[in-house]
Structure formats: structure tokens, C-alpha cells
Amino acid sequence: MTTLEAPLTAQPRKPDNPRRKRRSAAAHRFRVWGGVATCILFLLPLVWMLLTSFKFQRDIFSVPPKVLFEPTLTQYVDVLTRGGFAGQMLNTVIVAVGASVLSLLAGAMAGYALARLNIRGAGTIGALILVSRGVPPIALAVPMFLVARSLGVTDTHIVLILAYCSFIIPYVMWLMRGFFLSLPKELEESAMLDGCSRLGAFFRIIVPISLPGLLSTFIFSIILAWEELLFALILTNRSATTFPVAIAGMVGDTESGANWGALAAAGMVTVIPVVILSLLVQKWLIRGLAEGATKG
Amino acid sequence: MSHHSQTQRFPRRSTLTGIAGIGALLLSACGGPAPSTQDGGGLGTAEEHVQITMMSNDAFAQTWQDQLVPEFNKKYPYIDVTIDSTPYDSLLAKGLLNGTSPDPDYDLITLDDPWTPQLADSGLLLELKDDAAEWTEDDYDWDDFNTAPLAAGEWDDGQYGVPLRSNLLLMLYNKDLYQKAGLPEPTANLTWEEYMSQAPKLVQDTDGDGSVDSWAAGLTWARGVLSPPFWQTVLNSNGGELFNEDMTPSFNTPEGEQALQTQVDLLKYAPSGASTYNYTEPLDAFRQGKVATLFTWGSAYRSAAVDPEVTTLTPERVGIQTMPAGSEGPGAHRGIWSGAVFKNSDNPEAAWTFLQWMSSKEGELWASNNLGSFPARKSTLSTEPEEEWLAPVFAATQDGFDVAASGEMWRPRAVDSNAIQEILANETSAAVQGDKSAGEALEKADEQIRDLLGK
Amino acid sequence: MAVQSLDTRRLRTRTRAKDVAGRWVFLLPATLLLVAVLAYPLLYTLQISFSAFDLGTFAPSEWVGADNYSRVLRDEAFHNSLTVTGIYLVMALPLQILLGFGIAFLLNAEWRGRGVIRGLFLIPMVVAPVVSGGVWKIMLDPLWGIVNWLLGLFGVSAIDWFGSSGVAMISIVIIDTWRSVPFVVLIAAAAMLSLPKDVFEAASVDGANWWHTLKSITLPMLAPIIAATFVVRWLGAVKMFDVVLSTTNGGPGQDTNVVNLYIYRQAFQLLQFSTSSAMAMIVLVITMALTFVFLWSSKKMEDRL
């Protein structure tokens, strides 16, 4: 699309050039506006969620749907003062960050080994790891509970962090393996010539230049852990409960009927931190992925 | 003020133990339930409070913790009660997990109507009438309970639970919509025949713009735990029953088919999308004045008619009564939340004391006047409630208990009650969806339940 | 020069044994963790699937052989849930991959707002399934949902989004697509950025038209990425159950009762832990087999290109 940047006054050499240029400019406009339109379309449910979060329960269902209504903060107050919602948010942060950091450490090292260290059977291990992402979580949940109970660690952050590693580590390994494959080999070779051990070369040379990849992988890990419901439901009771469990309760068996307003408000409260985080690192997200995911 | 303490009573082993323990996983066996302490743990002293915890359904955990526990503490200041809300869907499973744990997190649980048999049969609950007799107050009046709600906590000649929140499947109606349709207000004598003949008139255009904007009925049609009770209630009110005395299915009869057909036919007089109605959707439709009658749990009355933040209706315009009558009289269906003590609790005495207070004449009266929950005791139901809107609700509830008790209008009492209910839900909803005829659906359900129970 | 190379050679010999160990050090943390949280639980589940389960102790009791499996294989509802899952995957996967790459192409257009648009596009991905299910449920409500109301403005009569079997599955696919496409878009956008630009320029100087460029240059270059994205999305989609749980709950009837939801309910609501373990193992085997088929064919495809 660099043709666009050519000065508009330039005389065309080939007779078909102006048409091509016009067409390409039109194509560019189409892409820009198409992108904006699609984005708006995808954001509409979120707009509706935002509106709903400011409604009284009686205004949520009406014919025609109410765009103008008496706004209220009651749903937010309800959610934020609900016993322990703040604590549940904190738990979610602890568990998501804990699981992501642990998985990133273990997964990046393993991904590096598979990508670079000529380990026999690396291909098979890689495929197995990829496949392990398809393990139905239900196949893990019951044994995990039994084990956690016999160790006396149910309802702790650590048990949830470990449980989340079961699906985040394979994910990290897969992403980081691709990322490391894209790095030039000479990097760690020269480092090792300088007397670094493999581990030293990895942490001193490879990790710093892989920051974009690590960062984007970290964000995705956070997202995966952030919204997990099943393990949280089974492995926690009170001290380590995460917010998806609380939200599941809001639309569950309540006598006044599901409170969609509170659900929307809780949704907004829980989405905003992740959105801010990912907007902040948006640039690195794409860059990290560009080198990682694409080398499958 | 209460002495509610925020102390954690969970043993928190360190992270290191957890990780180091992974090696030991392969060796670890799972212990059975630990025997409860003999002395019951006492009721606490000013120096040393007793801490008890309860796992409770989401719908009321918060109000209980904020309002009911402080009231309880006025009488028992040395028992600290913590109530955790657990999503309905995982409550039974988690109760089972807790009850079998050597190191349980909870002393108490709220049990939905059909759950007592499963937990009691696995030996996880404390028997309250005899085994806990030494901790029972002398004036705790067992005979004052209506039989229907008390029976929800019974299993195998033992009493494992006491009613904490009683509920009944009843009929709510919108008086304005009946008036607009030119129909007389329903009475307890209304029969299904009459109701079905009036239903077409309740599908009406209320604002005169030429399109129908209000329908006759709302109820649970979608497959789920709440869909079979409607059919069962119609069946019961025609004298039919789910099981005969030796737990053999006995619903696959012309009465059963007719009852299911009623549920299917009512869809014709319901708003579009009604086949997906669970609990919330028909309630929303009723609150917005879109359906004239709502067959739902009586506890919905408050949010359907009273709370202005939630509903567009008012108590004067919403009636409540038992469901239309069949050949044997009106219908209702019991839905009781019972409270039970885990057998492996370290403080069964304090736990049972809390349940006793909640279900005592005093506690129940306080809860119905202050939290609007429905009582199970005859004495409470015969009082004049402080809230005016509760009066007709109490009347309907007492009627409902009577008919439920005489027609055994409750869900199957069996260890497999959830599995039975699942089969009934699958098959009755297949009929509702039009995948099968009512007769075929019941045939299939009968066959599967016999298979399940080994009959 | 010579001294240095001699040094390195000596260094290499000395560290050869250490090196093999050194390589495995990298795999050690992940291996330990995965054995503890993945392999061990799976073996435990395998054991439960061949045992009876005692609810009184909440532990597997006696060995019952293949009883649970034969029961599961006779279970019509389980068969139905497998079929339903198949239908969902066949509808959702191609749609999501196609949309993902299409939208990525649009979003990669270079202009000032690109970063913001791409950032905003991420949001649906971070809305927890329970929440997005709820929000879509109120939007698609046949009586007062905004979607039917908007369609009504164009004269479309009310659609019962969750009420009839075919439509309910379409609704599930729409919601799932809304949540999942952003991830596909991200990967696709990244992949397209990594394609060499000069190939396109050369093509456009050659006078190749847009369609031709797409067919003969872009697609072949994207093929391995599309395949990789497909496998990743497949592994996510095959586990899907929370969107269904929070919208149709498997209905109408059993028409959207995907296998993971079915197993979840068998286990945690009906407390049938043995049979649900057997189901989970069956699903695991099917998933594994299909994944290897996909990996194998994408490798074949890559080799051919």
C-alpha cells in the first residue's frame, strides 16, 4: 500500500496508473471504514451492557427497549458492596497474576528448550503439549479436588494457581516456542562463547530481547485465568473465590429473578482493568504475536 | 452490635507444603468423614467465641448474614456465624465434598427440597430429633410445623433438616389484565377446565394498536429442575402420583398424559419465546404486565408486586392463590429450603442452636416480618403479619401446605432424586418442544426411571 | 585466534555431559508442573472411570471394569451431546477463521486510528463468558430484546433466538463468535504483518489484480498460519460450555447440550462421577485423535506448498 504515499501530483508513467491509484485509494478507504464499522458492530453489545448497568431492574425489559431512562448507580452500589466482591476481585488478580507468572517462567523455558535445544522428540513433545490444551477441564476437576482436599489446600490461592497452570503452561509453551524459533541463532551462541551457561544465556540474552513476546503471552495468560469458572467453582469456597463464581450467582437462583443490571455492572467492573492493561500494551501485543503465533 | 468476627478458621498450609506435597500425591488416600466431637463444642463464652459457618444458596446468604445473624447474636452473643453464598448449581456437590472431608470448612448447609435423601443416606448429616436431643431447647415445638415443610428434612425415619425458608408453587395473577379481558378474578375453586377456556381471552391487545401485547400464562417450560414440578402438580391435583408406595413409577397414565398436555397447551397462550422460559423470564414478563397469570414460587410475590425498583406492579393489583383445581382439588407444590448440620462438624451444638433459633417460633416470626420469607409453622402463619401485603400470601401459603400434604405434592424422595428429576425434565421438555407427544415422552421417562431404579 | 578456538573446543568437551543435563533443566519446571496438574489428574480420572464411586467417602471404590463405558455408550443423551458439539464446531470454526482473517485484513490498513481500533477490538475477548452470555440473552430476548426491535424497524418479524433448535444453535455460534473472533483477528493481524511487503509490491507492479494477488501469493503464504490458527481455535472451541450454560442451558430440549456441559451436569449436579469420568475420557480420546489428524494434514499441506 506504499503507492498511496506517492505524491498525488506525480505524472503517471503507465496509462493504467491513475485508475490503479484511484482503485487502490478506494480499497484503502474501504479497509479503513470497513474496519471501523466492524469494530463498532463488535462493540455494540458492550454499549448495551454499559446502558443496562445504569438501569433499574424494572427498566431492563421493556418494549421498545429503553435508551432514555432514569439512570441509577444502584447496580454498581449493589455489586461493589456485595459481601466480598472487592475481595473476590483481589483474589482474581492474585490468582491470575500468580498463575501467569508461574506458567510464563516454566512455559517459556520449556518453549525455548523445544525450539532451540535439539532435544530428541521435541516435535512429539510439542504436539502433545498442543493437544493437551484440548483436555476437557471436567476430566481434571474431580481429581484435583480430591488431591487438594487430602493435602488440606482447598480454598487457597495456590491450589487455584496450580490448577490454572494445567491449561496456561501448554499455551505459553506453544506461543513462546514459535517466538523463539524466530530469533536468530547467533544470539545465544555468541553469549555462550562469552562463557555464559545455557541458562545464563537464556536469562541474560534471550529473555530481554523476547520481552514483546513474553508480554503478549502474559496478557493472554491473564485473560485465560481471569474468566475461568469451573475450577474456581469447585476448588474454592470463600477465601479464594474469584469473581466469575460471584457473577454466576447473580444470575442463578435468586428470588427476584436474575438481576441483569447487577450482572452488567459487575461485567463492566471486571472488564475495565483488563481493557486498560491490554490497551496500554497494545503495540507490543501485536508485535509479540507477530513473531510468536505465526511460527506455529 | 454483633460480635461477628472476621477470623479465618481455615488451616492455611503454606505454599511450600502444597508444592512439596505434590510428590506425596500418589500415595495419598482419601479419608472418610471424621467422627464428630462428643461434647458438641459448646455455645461459646465471652472469652472464647464458637465459630460456625454455613454454606447457603446465593439467594439469601447475604440478607441472612447482614440482618438475621445480628438478631441471633442478641440471644447468643458468643456464637459467631459466617454464611457463605454458594451458587445453586454447585451447592449439592459442594455439600457432599464438605460432608466427606476430614477437615470440613462448613458446619451447616441449606438443602433444597429434594436433596436431603442423598446427603442423609450417605451418612453426612446429623439426625436432629433424637441424636441432637440433648442440645434441643425444651420449648422447641416440633408439632407446630406444618407436615409438608417438615417432611422435606425427613429421610428413613430420621429428621435431618428443619425448614428455614418455605415455598410453594402457586398462582399469581394480574387483576388489571383479568379486568381488561372481562373475566372474573380467579378464586381457589377455579378449575383447569375453566382456566383453559378463559386463556384465549387473556391473549389480548391492551393498548388498541392492533397487535397482541399481553398473554395468558407464564411458567417454567425450559428443561431444568423447575420444569417438571408444574406438570407434577397438575397430575397430583387430579389424584395421580409420580410413584406408588414401593417407588415404582406410576405417572405413565392418562392423567399424567393429560397433565403434560396442559403444560404443552399453555404455550399457545404465552408470549413468543416462552418455550425457553425458566424462572426469571416468565417473572419478568409478569412484572412488565405481559402475562395475566404466573405459575411460580410464592416467594416471587415480593419482587413481582412489592419492590418498586424491580416491578411495575403493586400489591393491590396482584392476587395470589393455589393453582387451579383438578378432580381432587387445588394444586400446590412444596419447595422447602431446609437447614442441616454436617455430621463431621466440630461444633454441632452451636450449629444446631443456630438452626433451632432460625426455625423457632420467635426466629421464624422475626424472619417473615423482617425478611419477608415464608414460614413453615402453623403458629406463624396464623399471625397478622407486620407487612400488609403478606396477609394474602400467608393465607395462600397455609392453603398450599394443606393441599400439598394431602396430595403429596413434592418431588421424589429418593437418593436418586436428582437423576429422576433430570429424566423427567428431559422428557417433559421434549413434549413441550414438540419433539414427542405427551404420551411418548412419559413412556420414555417411565422406561428410563425404571432402568435407573432397577425396577 | 588459534588459542581461542582451542579453548572453546576444550570447553565443549568438558561440558558435553553437563550440556545434556542443562537442556533438560529447561524442561524440568514445566514437566514437574504438568505431571502434577495434568498427567496425574488424568490418570486419576482414568481410574475413576473404571471404578464405582462412593459418595459417602467421596472416593472411587471397587473396580468395575468397563461397566461405566458400556453404560455411557448406551446413553442416548451422550450421543446427542456429541452430535450437538459436532454441529457447533462445523458451524463455528470455519466462520470464525474466515471472519478473523477478513477482519484482520481490514484492521491492518495503515492509518492513524489503527492502534485504537485494534485495541478496542480486544474487549469482547475479556468479557467473562457468564457476563457475555447474560448480555446477549437480554439483547436477543424475543419479547424485548434490542436485536429483534432493530430488526423490526426493517420489517423483520420477531425471531425466537433461543426457542427453536436450529436458531438456538445459530445464536450460540453468534455469541461464541463474538467472543472468539478477536483472538483469531489478533493472530491473523500479527501473521499478516510478518509477511514480506515487497512481494505485494512486486505483484502490484506486475499488474497482478487484487484477486490474483490473493489467490497466488497471499493465501499460500498464509496457509500455514491459517492451519495453525485453526488448530488452536479448535482446541478452545471443543471445550466450550460456559456460553451455553449462561444462555440456553442446553435447550431447547437438548438441542444445544454440548458435550462438556452434559458431562459437567452429570458430574456436579447428578453426582454421577464414574460415568462422567468415562465420558470425559472418551471425549479426550476423540479430541486427541482429531487434533493429530489436523496437525498431520496441515503438515502435509505445508509440505506441498
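As written, the chains take the letters A, B and C, and residue 1 is the first residue of each chain.
We take it that contacts are C-beta pairs under 8 Å (C-beta built on N, C-alpha and C of every residue); 3 or more make two chains touch, one makes a residue touch a chain.
All values derive from a computational prediction rather than experimental measurement.
Ranked by the number of C-beta pairs in contact, the top chain pair here is A-C. The chain with its C-alpha centre at the largest distance from the centre of subunit C is B.
Mean C-alpha positions place subunit A and subunit B at a centre distance of 39 Å. Once the centre of each chain is set as its mean CA position, subunit A and subunit C turn out to be 13 Å apart. Each chain gets a centre from the mean of its Cα atoms; for subunit B and subunit C, those two points are 38 Å apart. Chain contacts: subunit B has residues 25, 29-31, 89-90, 93, 97, 101, 285, 288 touching two or more partner chains. Residues of subunit A in contact with two or more other chains: 61-63, 146-147, 162, 234, 248, 251, 258. Contact of a single residue of subunit C with at least two other chains is seen at positions 36, 40, 58-59, 141, 143-144, 267-268. Partner subunit A is touched in their complex by these residues of subunit B: 8, 10-13, 15, 17-19, 21, 24-25, 28-31, 55, 57-62, 65-66, 82, 84-90, 93-94, 97, 101, 103, 105-106, 213, 279-280, 283-285, 287-288, 297, 299-300, 302-303, 307-312. Residue ranges of subunit C in contact with subunit B, taken from their complex: 32, 36, 40, 55-59, 77, 141-144, 158, 160-163, 165, 248-255, 265, 267-272. Of all the residues in subunit A, the ones that touch subunit B in their complex are 56-58, 61-63, 74, 82-83, 145-147, 149-156, 158-159, 162, 233-234, 237-239, 245, 248-258. In the complex of the two chains, the subunit A residues touching subunit C come out as 1-3, 16, 20, 24, 27-28, 31-32, 34-36, 38-39, 42-43, 45-46, 48-49, 52, 60-65, 102, 105-107, 109-110, 112-114, 117-119, 127, 130-144, 146-147, 162-163, 165-166, 169-170, 173-174, 193, 197-199, 202, 223, 226-227, 229-230, 234, 243-244, 247-248, 251, 258, 260, 263-264, 266-267, 270-271, 274-275, 278-279, 282-283, 285-287, 289-294, 296. Remark: subunit B residues 22, 25-26, 29-33, 89-90, 92-93, 96-97, 100-101, 118, 122-124, 222-224, 271-276, 278, 281, 285, 288, 290, 418-419, 422, 426, 429-430, 432-433, 435 touch subunit C in the complex.
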